[in-house]
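One structure is given here, and the rest of the page talks about it.
Naming follows writing order (A, B, C, D, E and F), and every chain is counted from residue 1.
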Amino acid sequence: MDLLIQNLISPVVLAFVLGLVARWIKSDLEIPSAIYQGMSVYLLFAIGLKGGVSLSESTLAELAAPAALTIVLGVLTPVSAFFLLRGFGRLSRIDAAATAAHYGSVSAVTFIAALEAVRLAGMPSNGYLTALLAVLEVPGIIVGLLLARQSRAGGVKAALHEVITGKSIFLMIGGLVIGALCGAAKVDSVAPFFITPFKGVLCIFLLELGMVAASRMSDIRKAGWRMIVLGCALPLLHGAVATAAAVGVGMASGGAAVFGAMVGSASYIAAPAAVRIALPQASPGIYLTLSLGVTFPFNLCVGIPLFLKLSEILTTLKS
Amino acid sequence: MKVPLTLVTIVIEGLLKDQLIQLLRRHGATGFTITRTEGAGSRGVRASDWEGPNLRFECIVSRESADPILEDVARTFFENYSVIGWLTEVSVVRGTKFTSGGG
Amino acid sequence: MKVPLTLVTIVIEGLLKDQLIQLLRRHGATGFTITRTEGAGSRGVRASDWEGPNLRFECIVSRESADPILEDVARTFFENYSVIGWLTEVSVVRGTKFTSGGG
Amino acid sequence: MKVPLTLVTIVIEGLLKDQLIQLLRRHGATGFTITRTEGAGSRGVRASDWEGPNLRFECIVSRESADPILEDVARTFFENYSVIGWLTEVSVVRGTKFTSGGG
Amino acid sequence: MDLLIQNLISPVVLAFVLGLVARWIKSDLEIPSAIYQGMSVYLLFAIGLKGGVSLSESTLAELAAPAALTIVLGVLTPVSAFFLLRGFGRLSRIDAAATAAHYGSVSAVTFIAALEAVRLAGMPSNGYLTALLAVLEVPGIIVGLLLARQSRAGGVKAALHEVITGKSIFLMIGGLVIGALCGAAKVDSVAPFFITPFKGVLCIFLLELGMVAASRMSDIRKAGWRMIVLGCALPLLHGAVATAAAVGVGMASGGAAVFGAMVGSASYIAAPAAVRIALPQASPGIYLTLSLGVTFPFNLCVGIPLFLKLSEILTTLKS
Amino acid sequence: MDLLIQNLISPVVLAFVLGLVARWIKSDLEIPSAIYQGMSVYLLFAIGLKGGVSLSESTLAELAAPAALTIVLGVLTPVSAFFLLRGFGRLSRIDAAATAAHYGSVSAVTFIAALEAVRLAGMPSNGYLTALLAVLEVPGIIVGLLLARQSRAGGVKAALHEVITGKSIFLMIGGLVIGALCGAAKVDSVAPFFITPFKGVLCIFLLELGMVAASRMSDIRKAGWRMIVLGCALPLLHGAVATAAAVGVGMASGGAAVFGAMVGSASYIAAPAAVRIALPQASPGIYLTLSLGVTFPFNLCVGIPLFLKLSEILTTLKS
């Protein structure tokens, strides 16, 4: 409980709440779209850069098991999401597949919030996590689209192109490669721009995300209670399994928690773009509302502290 | 010296930018002007803000090409995307630029 | 299949955004497109730059609704604010969207 | 009460902003609205991005002034710069503002 | 005199001058409006955040007297401004009231410039000043509008809504609450974005403000000499009274000077928006020219060093 | 060779390459134009500011010889470029003059990349270099325009106005004056915004520049091999002469290398704007392609390390 409150009272989470409030009281606050796009470029590139540096400091032996686990979960989570959304959620095949693609992919902001929570809790983490983040972005989307089984002529191919050349993943992988090539010493010269102010930029980004999420939340009622239940259950299920598996393959307690939050999260940047191209018949009103309106705030407030606790317990049990 | 032409205006999700450009080129458009816009409509569904705002395309074409362009846009995008388009009669000086493709 | 409709264009101080949206909705507009603009006119007075640039609204409506909208805009804003508006005849494919409010 | 006027639309490299404003003023334009745009045309040459994007000018003028403005723009800029322009017939409420220069 | 020059030769003031020069020599320099809006969001939120942290470190006892004084001056200054603008300034009731609302409210940039001057002069300040800044924004505007006695149906109510949900005050209060809840330790993680680079962002902001003020200054001649006299006299009067009162209630010498500059300043962000909605007949050519074209540069160059000197003298006399 | 690779593997150079790649694989990555303009304002002002501070720490005696050398080279380089472009390059008089104006002027980004390379190599530099950068911007453009001998009525005058009130030079000189007036102590308060994060902002700027250069490079084939040869030979010629002369007048080894890179570089910000106004008949397809598509990447990858080596050798020979 204390951990939960400790997690909630942080500039980043409160900025998200401030964004929600802005919409609720109908403030005329607006972040110009050019600024929002600029911040996105900054955040994705910076995440990649940081991941690249830690990648350059990791050995292949260290990486093998976590990377394999990431790919396995990237393939399994959209499948489990799909069947739950079809069965319990009563969605059409198309909508279930589209939404499953989101749960198969990952939310970078959730990842960062988890990293920060782990840092504050003083738990040990793993440097290569950002590399896993980049790995996890792609397979979930592909599997999701395949589950739809039907898509526009060339749709899956177009979507694959969209995913890989799409700016989100392009920037993150670009940053990753640059960080890995340059290493810590050289990235140091750009750290005062990409590393130290990162969390502050994230605050403003979450302010905007809060405003967007508020509009999404007003659609929740339309989605029905089954959707809300799934929006909370899916991250719990995926996150708990992932945390346990991560402890199993020997990740540090903090690292396993971050891994859990990451696998439990749903994409709202890369996946929507790819899905909109490949499955235009699917309803954004469903998949965006679930991923941004339900799962993201749920993870931010409840999921992350739970995975921290879970990982702590499992790590103690294991040793 | 003034030539009567048609201005095709299309408002479309930013995500579809490349697809629409290809469509216009296929119909022989010699150029176009794009503006970032924001909007509200009957659906208002968009992929995500990260894809950028809606885009407003303006394209000057000959009277005969205008209808097929708008028909093609309707066929390709109307069912699944937030798209609207309209035609305006305009007149242009040195209009040869837009019909023969010359500079 | 092409329907003759009217495009209402209004350039207005950013401050009045919400008020104008409400006015358009009252007149039954089914949507609108907003662009950030900069401009100069006979008055050029604005609250402050922090309120953002001028906004240019475009709204496709039926021929009959156009005049009342512009009249209402004139009545509500012309005296005290920097506002201008004009009407253009346009044609739209599948125009039912704008008159009956359907998708 | 509605007055028929002409809307002059000109898309021009950002570099030429001041020159075009002066040209419009010379022809007695009482105001104009500028939008940042991006575009492609037959030439697509621009000084550099630092000069900013293309600009789209809109200027409501009397029917008689429209042609001379566009002719002047063509004479001054067409040969060496990326510029295009067109005229649309529009109608304006309280149109005296644009012809006599009054507020 | 030395203090005056010391104050003028600073990056922030010179950036403002550079903006003036840019317009005078007709340079094509332009700050895109999206950047300007982005910087405003940043500055207002950062001011609030910093204020919130220091609020979390202040006791209620410490705060009571200064807060009461702030509210009293927030009500009195628009009244004195109104009568001087009506009497000496010969303005219509509407224009006098609209302008009075600006002098009742406050300019955040003047406030920050004063803080910086105090820091450079090595004078002791008070942490809770930013909280007072937020308090002072609102009452002056309300009183100003009431003084107009006539306003559009629902005008004052609409203006009140505009003031409170208006983005300027919303962001500052939002930052204040977040800062107060998180406290210094947690705000530290975002300090490299919101605190350390703050003054640099302010430079670019003042560059733009200089360009805007230059256009306003070209309207000064139209306003007449009576307006110019008032644009200098009002900040002197309000600022001197406020400085003296602040020393009286026991604020530190630097804090009292900042308080004086704050009360003496005229708003050009929150007030114009509210006034434009509630009193559309009032002429922005008058109130913006006075607040941004006269009073702001006057305070930046002359007012602030004077209040510093005054506060120094009064504090010595008192002790 | 090692120096060359050492130079290439840096965040700034790799960000440029990433921009090229983005266009080659047709990624939909885009930096909003408002952000690009905002970064330009930041970079130019920051360069000026830094230069101003070091100017305030230099003596006139120290400056005299380098400044004179700068002006001489600013006049000579466009002339040599003109004759090579006319003779070997077979350009028309107008196109040769327009392109010569670019080679007479200077690329600020090349300058900064050279500064960074010198810093990494641990070579001693000279503080006043940024002041020379500002000096070098102007004469080359004027000489280039005069070489065209023909230009629109008032063209050269308009171009001179454009160059001097143009935002690029206005911002850099503005920053220079502010930095010189304030000195190191006062600029310190804005250093966390203008100095420390500088190189990071440059990364994002180069990402965008890479995307622009990619479009330019696709025009290289049209330009023909003679152009490509000149695009590499001109910076080599100008840069080598300048490096030698700089060592001659007693600049530090690192400083001389930076000076060489600066003189060898071609402008793609200030010059294109001035040339487009004064010589509208000249083809941007030639001068932009050469300066941004050939010479800039050539200097970034090959020129800078060569000038470093050359300067090292010459300095050893001299002492």
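FYI, contacts are C-beta pairs under 8 Å (C-beta built on N, C-alpha and C of every residue); 3 or more make two chains touch, one makes a residue touch a chain.
No experiment lies behind these values; they were computed from the predicted model shown.
Chain pair with the larger contact count among C-E and E-F is E-F, by C-beta pairs in contact.
Look at the CA centroids: the one farthest from the centroid of chain A belongs to D. Compared with chain F, the chain whose C-alpha mean position is the greatest distance off is C. With centres set at the average Cα position, the gap from chain A to chain D is 47 Å. Chain centres here are Cα means. That of chain A falls 35 Å from that of chain B.
Separation between the centroids of chain A and chain E, computed from CA atoms only, is 41 Å.
Taken residue by residue, chain D touches two or more other chains at 35-36, 38, 52, 88-89, whereas all remaining positions touch fewer. Looking at chain E, one finds that residues 28, 30, 32-35, 37, 167, 192, 197 touch two or more other chains. Across the complex, chain F meets chain E through its residues 32-35, 37-38, 41-42, 45, 49, 165-167, 170-171, 174, 177-178, 181-182, 186-187, 189-194, 197.
Only residues 9, 11, 35-43, 54, 56, 67, 70-71, 74, 78, 84-89 of chain D touch chain B when the two sit together in their complex.
Against chain D, the residues of chain F that register as touching in their complex are 33, 36-37, 40, 167-168, 208, 212, 268-269, 272-273, 275-277, 280-281, 283-285, 288. Across the interface of their complex, chain F is touched by residues 13, 15, 36, 38, 45-53, 79-81 of chain D. On the chain E side of its complex with chain F, the touching residues are 9-12, 14-15, 18, 21-22, 25-35, 116, 192, 196-201, 203-204, 207.
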